[in-house]
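Across the two complexes that follow, chain A remains constant while its partner is chain B and subsequently chain C.
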Partner chain A sequence: MNHRRTGLLLILPALATVVLLFGGGLGYGFAQSLGLAGFTDTPVGLAAYQRVTEGPAFTDGLLLSLWISTVATGLAVAIGVAAALALRRTAAGRRTATFLAQLGLPVPHLIGAVAIGLLLADSGLLARVARTVGVALPALVADPHAVAVIAEYVWKEAPFVLIVVLAALGGPVAEHERIAATLGARPRQVLRHVTLPLLAPSILAVAVLIFAFTLGAYEVPALLGRAYPQPLPVLAYQRFTAAELSGRAEGVAIALLIAVIAVAAALAYTGASRRAVGRVTGARR
Partner chain B sequence: MTEARRPRRPLGAALTRPTVLVLTGLWVAGPLLPLAVQAFTDQWFYPDLWPNRWSLAGWEQALGPQSRLAEAVATSIGIGAAVAVLATALGAAAGRALAWYRLPGRRLIELVLLAPVLVPPFAVAMGAQIVYLRAGLADSLTGVILAQLPAATAYATLLMSGVWAGVDPALERQARTLGAGAWRAFREVSLPQLRGGLLVAAMFAFLISWSDYLLTLLIGGGVVTTVPLLLFATAAGSGNQAATAAIALVAVAPPLLLTALAARRLAGRDTALLGVGR
Partner chain C sequence: MTTDITIADLDHTYPGATTPTLRRVTLEVPAGTRTAVLGPSGSGKSTLLSIVAGLSTPTGGDVRLAGHSVLRQPPHRRDLGVVFQRPLLFPHLTVAENVAFGLRMRGTDRAAIQRRVAELLDAVALPGYGERRSGELSGGQQQRVALARALAARPGVLLLDEPFSALDPQLRGDMRALLTELHRREGSTTLFVTHDRDEATDVADTVTVLLGGRVAQHAPPADLFRRPATLAVARFLGGAGNAIPGTASAGHFDCPLGRLRLDTDHRGAGLLLIRPAAIVVGDQQGENVVSATITAVTDRGTHLDIQATSAGVTLQLTTGPAAPLRPGDDTHLWLPPAHLSVVTP
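Take a look at the complex of A and B:
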């Protein structure tokens, strides 16, 4: 049998699953958002997109979504990278930290949201401790800055960053650092001009994944957020399940707009990571 | 602690290694521990730091005749097992193709397989819901399994292509030269080397399914009640914190147990995928 054909036959079932069940749903959803298919009274065209984007609910929701995803991604990356750099020196530290972080990774976000809710609510454990020491806390759950939502994302994602960065530090990073140190670079200079740029592709990759995930996640803001403004996924679900028929097309339209932002972030990543590595190693990829 | 005084520390002496390790442990376990306390009390009034009465009322509610927790656990395990078996089989075949064979349009194939990582799956479920309704698959176990399958398959494929890359194709070729058929060469030469990777892939696929909330809600229509659906309904609707905490403990046990058992098999890269594949 032809070698190439065997490969295609092997990959076809998995590819078909993704293309039909995932791509099919996406394409059919796009058709619905344009009023071309499905149970809808939306006229053919961009009417659904126009309707969802014109009100303040969408603008406020988009800003809130971007705020949550940007702050959560930034904090998770900063904490994860700092912990990885502090733990990298010894094999035992790396192993223990990786094991601990591994345990947290598969905990579903919904459970994280329940746990963070119990911790940060007005009558939660943190508020009790704060009262005992005599500090008054502002509301942290369902507050205007989505503190609890961001806290849940940072709690879940910082260990993820830690694991990815620890794995990336195992590569040729140490050698480049040694060369820079031998050439007289101070520790701070090594960190800034060698270590961080070499880690940049891994860091940017996890950052994109976290950003894309938090932008499209529903459970955490649905449980810990406020009734208004709602981040885009919550808004999309609410429109989709609304009583009127046109809501379905509008819900899909919002969901697709989220997907477009996530994919744009991924494309920006590809360019940025190549430039960062090229600056240190001189490689042109 | 003497280590902390080494001159070349990247972050200065403020963060010593044992401190960071303790912080990592606290970070992971800290928010989950109050759940274990909350589940065993029915009187923990604000601003008490510790409950003043222990009780199993939360568990009685979570496990009692009114609740459908046992049924939800069975449903979740059934869906998870089906998704795990299907995704692992599809991923093992596709992983072999990606690692060993020359494929036309490889970049496009890889991009398609990455799509479920970047595009929020509920966008897909919203679009597909009508199709499931028309096909009679909405509100059914089969429908939920099909909805969860593509993302699980994508992750299993990415993971298995890494596992296959560590297996030497020459060994199967030698078995073929010695007269073994294609299937026998695979089963007796490569399969034993894949076993660990297959277990990890199945575990990931199971956990992706176990965590899912919105796809199950959209396609299962609330008829297919899994553990996350029950947990969300109790957390958002009941105000019963003890029962919520009890269900959350039941829901968090399998992921923690499976990961702890598999920890030795997990390389850094694999775990990274686990982080992506919630």
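Take a look at the complex of A and C:
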């Protein structure tokens, strides 16, 4: 009992910091969205939530956000896992992988977005090269499918997946693969029945991280996205910095809704992926 | 179905290594038999096994299964089962799914798989464990599942790499008995790698001693102890306690103990070897009996370790714990011809 109290006292400073900074900010934001705090003309209650979810802008923005996050996560995971599996065989491959990842990881998303913009925009490098050989490219920046936004996320997150999967492959995976081969499994069967199931927990964890991050990130779609529809983070920022007094409450309301959606989506995604892994491998989890 | 294994002039040198790991290793394992490859660590025995399994490619020589060279075939085409020192059960599968793995990969139908899995779990004394995860089993149970998994698809060849070394001694004895029983049932040609001479002689009908990457001797277990081929083999098997220099001729060995009768192909200068437990204490006269004086007796509880001298030669012997021998006693020692061997010094 005494022991437990001592432990509680010891973590109290850290706990207080987290609760004050994170919980305090979240609580104050929640109060603002309910019209309970801050300089606002929003009536007390759920009025701000009602207003922001009313129009098609919210629904369209939500669908766009989910589209961007789902596709970016899927592509980043597929590319990262494939690259890790291809590069792990040799020491030179592993060095290449580490080098590539180190090259990309420290670059901020904002810089990445600018670079992708310069490359893919209507007047960008790619379009100009294509035009000289007589090909007219469709719009890739500010296009309906958010190609440039997704491209930036994939470019940035695939190396992250690569690093995580390479680390997971350092475990006893190779030994299990050898055993599977001696039991008569062809290389494709080894991949499907041994390698991927053993990597699944790592892949799942990194996928949820990327999904949640891309759902809440603002700067890339703000730079490379269209004026309408706008993904939720951009919508939230615009409402928050709008001229009207009610904007603040609405901006915070959208931000909090993003958080709820991210958590719900992460939970649903985790469940769905586990079932998918189970179907692929025949394993019950 | 069983398969004979032929290993012919196998050479292997690891990349960057200056000395070869295997040198012209030749070995024949007839179909349905059990051969142990016995050697100290670093003798190349695990390398040999991984080459047969297809997990390493040798730098020279050939491996034939059922008469066909398999060096160009990947492991999954070789019709094998392999068990390593660690069980390496698939953690994402249940015990039954682990055992079923090889059959599932071959597309065997569900009912047949179920029957075979139940049969094998019975055979390794784990009936009703099918739904468990490998993490819920003890080390010995996991290794039994690994054995069942390796045998499930009725492979022609079963390869075992120190399969019981990580288990405690009591369990090891049980596992040897289980392996012998499984071999009787399943009949897969078994190649078994170990550093433990008791394990090798218990489990195998033929033992190959591998020293420094070469086959030093290939013989049934009893011959190995009675007639070690070289001094190094005798040392490795703990049988070089009595090494008496002398000269061998047809049917005889002349040494300070006198002219001893024995059967040897060795000619000229050599070392006479006899294991301490093979020397018989008694007062009979006759061939190969030498008179000796006991110089030391150590009671080990289960047996007596005795030192005796005869014509200036010190002999080590062991007797039953009740032998009435004291230091200073004069006695006669019989050196049975069947247990005498001569090796190059």
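Rule of thumb we're sticking to: the second predicted complex is superposed on the first by the 248 of 285 C-alpha atoms of A that agree within 3 Å, B and C clash if a C-alpha of one lies under 4 Å from a C-alpha of the other, contacts with A are read in each partner's own complex, and residues count from 1 in each chain.
Note that in this section a residue touches a chain if its C-beta (ideal position, glycine included) is under 8 Å from a C-beta of that chain, and two chains touch if they have at least 3 such contacts.
If you're wondering where the values come from, they're calculated on a predicted model, not measured in any experiment.
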{"item": "First (chain B), second (chain C), both or neither touched by A:Y49", "value": "neither"}
{"item": "Which superposed partner A:V194 touches (first chain B, second chain C, both, neither)", "value": "second"}
{"item": "Which of chain B and chain C A:Y269 touches, first, second, both or neither", "value": "neither"}
{"item": "Partner with the higher number of touched chain A residues, chain C or chain B", "value": "B"}
{"item": "Chain B versus chain C as contact partner of A:L85, first or second or both or neither", "value": "first"}
{"item": "Touched partner set for A:T182, first chain B, second chain C, both or neither", "value": "second"}
{"item": "Chain B versus chain C as contact partner of A:P172, first or second or both or neither", "value": "second"}
{"item": "Common interface residues of chain A - those touching chain B in one complex and chain C in the other", "value": "181, 187"}
{"item": "Contact footprint of chain A on chain C as seen in their complex", "value": "53-55, 74-76, 78-82, 84, 86, 88, 90-94, 97, 101-102, 104-106, 149-150, 153, 159"}
{"item": "Chain A residues touching chain C - in the complex, by the definition given at the top", "value": "172, 175-176, 178-187, 189, 193-194, 197-198, 200, 281-285"}
{"item": "Chain A partner contacts - residues on chain B that touch it in the complex", "value": "3, 8-11, 15, 17, 20-21, 23-25, 27-28, 31-32, 34-35, 38, 46-49, 90-91, 93-94, 96-98, 100-104, 109, 112-113, 115-128, 130-131, 146-147, 149-151, 153-154, 157, 207, 210-211, 213-214, 228, 231-232, 235-236, 241, 244-245, 248, 251-252, 255-256, 258-260, 263, 266, 268-269, 271-272, 274-276, 278"}
{"item": "In the complex with chain B, residue positions of chain A that touch it", "value": "3-4, 6-8, 10-11, 13-15, 17-19, 21-30, 32, 37-39, 82-83, 85-90, 93, 96-119, 123, 125, 127-129, 131-132, 155, 157-160, 162-164, 166-167, 170, 181, 187, 191, 195, 206, 209, 212-213, 215-219, 222-223, 233, 236-237, 240, 248, 251-252, 255-256, 258-259, 262-263, 266"}
